[in-house]
Amino acid sequence: MIQIYDTDVVFHKEWYALKNINLKIEKGEFIFVTGPSGCGKTTLLRLMYMDIFPTKGEVIVAGYHSSSIKSKEIPFLRRKIGVIFQDFKLLQDRDLFDNVSFALQVTATPRKQIKEKVLKTIADVHLSHKRDSFPYQLSGGEQQRVSIARALVREPFILLADEPTGNVDPESTKQILELLKDINASGTAVIMATHEIHLVKKSPFRKIVVKMGEVIEDTKDNLKEEIFLDNL
Amino acid sequence: MIQIYDTDVVFHKEWYALKNINLKIEKGEFIFVTGPSGCGKTTLLRLMYMDIFPTKGEVIVAGYHSSSIKSKEIPFLRRKIGVIFQDFKLLQDRDLFDNVSFALQVTATPRKQIKEKVLKTIADVHLSHKRDSFPYQLSGGEQQRVSIARALVREPFILLADEPTGNVDPESTKQILELLKDINASGTAVIMATHEIHLVKKSPFRKIVVKMGEVIEDTKDNLKEEIFLDNL
Amino acid sequence: MFILREAFRGLSKNKLMALVTFGVMFFSLFIFGLFLISTVNLFLLIQKAEEKVGISAFLEDELSDNEIESLKRDISSLMGVQEVIFVSKSEAFEKFREDLGEDSDLLEALETNPLPASFDIKLYESFKDPKNLESISRKVDAMPGVEEIKYGEEWVKILDRVVKVLVGIDLILGVIISFSSIFVVANTIKLTVFARRKQIEIMELVGATHRFIISPFLVEGVIEGILAGGFASGLLFGIYNIFAARLGDFIQVTRELFIIVVVFGTLLGYIGSHISVKKFLRAPIGTELPKGK
Amino acid sequence: MFILREAFRGLSKNKLMALVTFGVMFFSLFIFGLFLISTVNLFLLIQKAEEKVGISAFLEDELSDNEIESLKRDISSLMGVQEVIFVSKSEAFEKFREDLGEDSDLLEALETNPLPASFDIKLYESFKDPKNLESISRKVDAMPGVEEIKYGEEWVKILDRVVKVLVGIDLILGVIISFSSIFVVANTIKLTVFARRKQIEIMELVGATHRFIISPFLVEGVIEGILAGGFASGLLFGIYNIFAARLGDFIQVTRELFIIVVVFGTLLGYIGSHISVKKFLRAPIGTELPKGK
């Protein structure tokens, strides 16, 4: 499904945002990517939806190679992927319903089907009562849930979730995790970046710990708390 | 310092974002505002820096009354308040240093003094190495810390922090809390909205719990976990 | 100074916007300048044409010098008459010969001078319309000793009609061009401010006064206005100079014209920025709940 | 259809931008139309003036009909000559009398007709410049039986100079106006797209193809272009109509002109949008790391 070989990402010369990454993610896996602020979680996910390209190495997602993909193919890659962005990236001039349905409109889904699917997904994230609200009329947590709904509505093969619970309360966090686990159970690979280590620590899923741009841990075992401390 | 009397906020007719709020906040207090996603925390803080005005009732901050404040006076009120915004609100066309120093430039602080203060504050939030980066070059957590630095650099009388730890890891969360406590110790009133109930639950500070726009708890005692559950 | 620094960083950070504003202003001012030049020359032309408008009063042949003198005095005292010039029989013949030019040979076949003496009557500007011409002519015609009156009725009527039409078109175009310029420039600036509305909002939230936020925009607008005005009048002057030698005094352009263009540009920049930025400052207190954009 | 729906929501959601784009286009097209009308009429005027250019060949008095006939044939065979018309002595006298108009009384004093017979020689358009006129005149003058040649040398030279200057100015203005229009409109559209660049970026991230993103912008641009072109030519037509009655055939405006304005507007909208939106699509693959704006 996703393979990353010997990949570096360098934003400024000599400064590695990601260094020597090697990863293989299979169909239907559930993976946590964790690590301290600024370690490179978002950058890793951006590689996967080909928002950026590796400075060195190769990223292969759903059969598309980062070294040979054409401009025209990128939209089709992205349609196979659902992304929950850390900064939501909502269309400011569309209301909640339109924001979610937009993800289906780009794939030319029939109208009726769009409406049905969108309404269901909005209900899943408990936002039915806000369907006519514009992003600026929503609270931080509500916006985050819109972003989640937009990623889920397309029932993607791969779901990239960048801190999907950063702006919601513990109760909502639990619900969102359930949602992600559900969709994973239906066969979607879920890769979730999070800094909430207590969420991850004792989970039975695969956990990738990034620090200073390098993968320092890739395991299904429990993580130790010290992993975030400065002096590792 | 801050008084709120019988205040309602109604965005859409008949739908209360805040209802019948009565609060009194003294000089130098440290207060958590907590509650589930969309309960009205941000709205409550926006009342305090007079970004919105109450539909009913009266808000008094640092001697300015919401019913009688003049357009011209608002900037001066805001200079007494430091705000950490939930969505950061960084100036996209200025680098980190300029973003933080902007808060001082508007008050016509001498240049030398600005540089000194800004550099110190940036160091406090561990971002010295990123001082030339623009917001789009920063990770979510880093942007949040810039927003924190901008609020702190002016050494305000009142600090409003809207989920200042939503995008950072547990270690950074601790550091930021320490920072807020330090500034509180020097006499600044700190009002921090957060949904991380485990951060708040056992803290010795005053805690205000908002739910569906109403204050349902205002106490220094420990909070019960159930407070976030749907069926309170 | 901080505001100047901010203005220059605004211009350099937002080159696209600065360029567009400059371009729109330049275009508007160029057209405005063209219009001014055309108008000035149109009026010069009209003035020249109207200078030629006058009344000729042909006299009976047997008038004495005294009678002519008193007739001249009578005509001069009419309202609207600026000057009365006597043209003798021989002067008239000489002039006719000149007018004929190459064909003048055939005058040699003439044995007597059949042309009458006359008065050329010049009128004040405001009396050069068909109505006044007619009424004055009638009065002169009624005087004893005056044989016939000519003032080119048809020609005066045509001139009057053409002038009215041209001035009308000029006025309408002037109104359209001026208003369009102001509208387009103000809205373009508004657009550039619109693109920065988030930044303005953030500045307000951080405690910047309205003056602090507006000033850099005003300075930007004025700089762009001056530059656009300067370039527009520069280009106009350049084009004029290329052809000046060949145009003779057919078209005239004065320095004031260029100054007007630059001043208009500066005003456009200032006023445009002022209005635009104000629009994007937060709703003043008392109005409902803000941010609804 | 989705794209149409999107275009209309784009227009209605971003009224300010739509208005500014419309305004700038309208202004440009109005000026462009004015320029077209002026140019067309300028050329009509030149044509009319040049129609009057011709050569008069005055003949010796004692030529026989045969000689005249053969002379006419000789002249007709010269390169550049379109038509040769014979004017007899009496026709010349009649015409002179008409030309004098009111002054014609004095011709009655004449006893003989001093005017010679002549040929009016009309030339093809392209031979109506001073050089060709001179060379043809010289050839005609050399023919036996031709007494004198006249073709208004000075007048032709002045006309030639004025035409060159006017066409030169017209060309320069045309280039400036066309390029400015295109530049200003394209950049204004770019500005409106710039204000929505975040939205475009998000659309790309959600998997919209470039065509899907561009199409609504193109439709918007074309709609605005057509409307602006329509309004501009409508206004021009309106102004023309107000004065049409009084202008006679002094200024002419054809329907094609308005169609050109609308077509130009449509093109402006289409091309402007196309270029602009492309600019804000993500950097194509292979270029470094994106987003650095």
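We just call them A, B, C and D in the order they show up, numbering each chain from 1.
In this text, contacts are C-beta pairs under 8 Å (C-beta built on N, C-alpha and C of every residue); 3 or more make two chains touch, one makes a residue touch a chain.
Model, not experiment: these values are computed from the prediction.
Steps from chain A to chain D, taking the shortest chain of touch contacts, total 1. Taking each chain's centre as the mean of its C-alpha atoms, the one that lies farthest from the centre of chain B is D.
Distance from the chain B centre to the chain C centre is 61 Å, each centre being the mean of its Cα atoms.
Between the Cα centres of chain A and chain B there is a gap of 28 Å. Taking each chain's centre as the average of its CA atoms, chain B and chain D sit 66 Å apart. Chain C and chain D have centres, each the mean of its CA atoms, that are 24 Å apart. Contact with two or more other chains is made by residues 291 of chain D. In chain A, the residues touching two or more other chains are 11. Chain contact summary for the complex, chain A toward chain D: residues 9, 11, 49, 51-53, 55, 69-72, 74-79, 81, 83, 85, 89-93, 102-103, 105-108, 150. Interface residues of chain A facing chain B in the complex, by the touch rule stated above, are 11, 35-38, 41-42, 86-87, 137-142, 145, 163, 166-172, 195-198, 228-230.
Residues 2, 13-14, 198-199, 201-210, 212, 284-286, 289-291 of chain D touch chain A in their complex. Residues 16-17, 19-20, 23-24, 26-28, 30-31, 34, 96, 102-103, 105-106, 109-112, 114-115, 150, 161-162, 164-165, 168-169, 172-173, 176-177, 180-181, 183-184, 187-188, 190-192, 194-195, 235, 239, 242-243, 246-247, 250 of chain D are the ones that touch chain C when the two sit in their complex.
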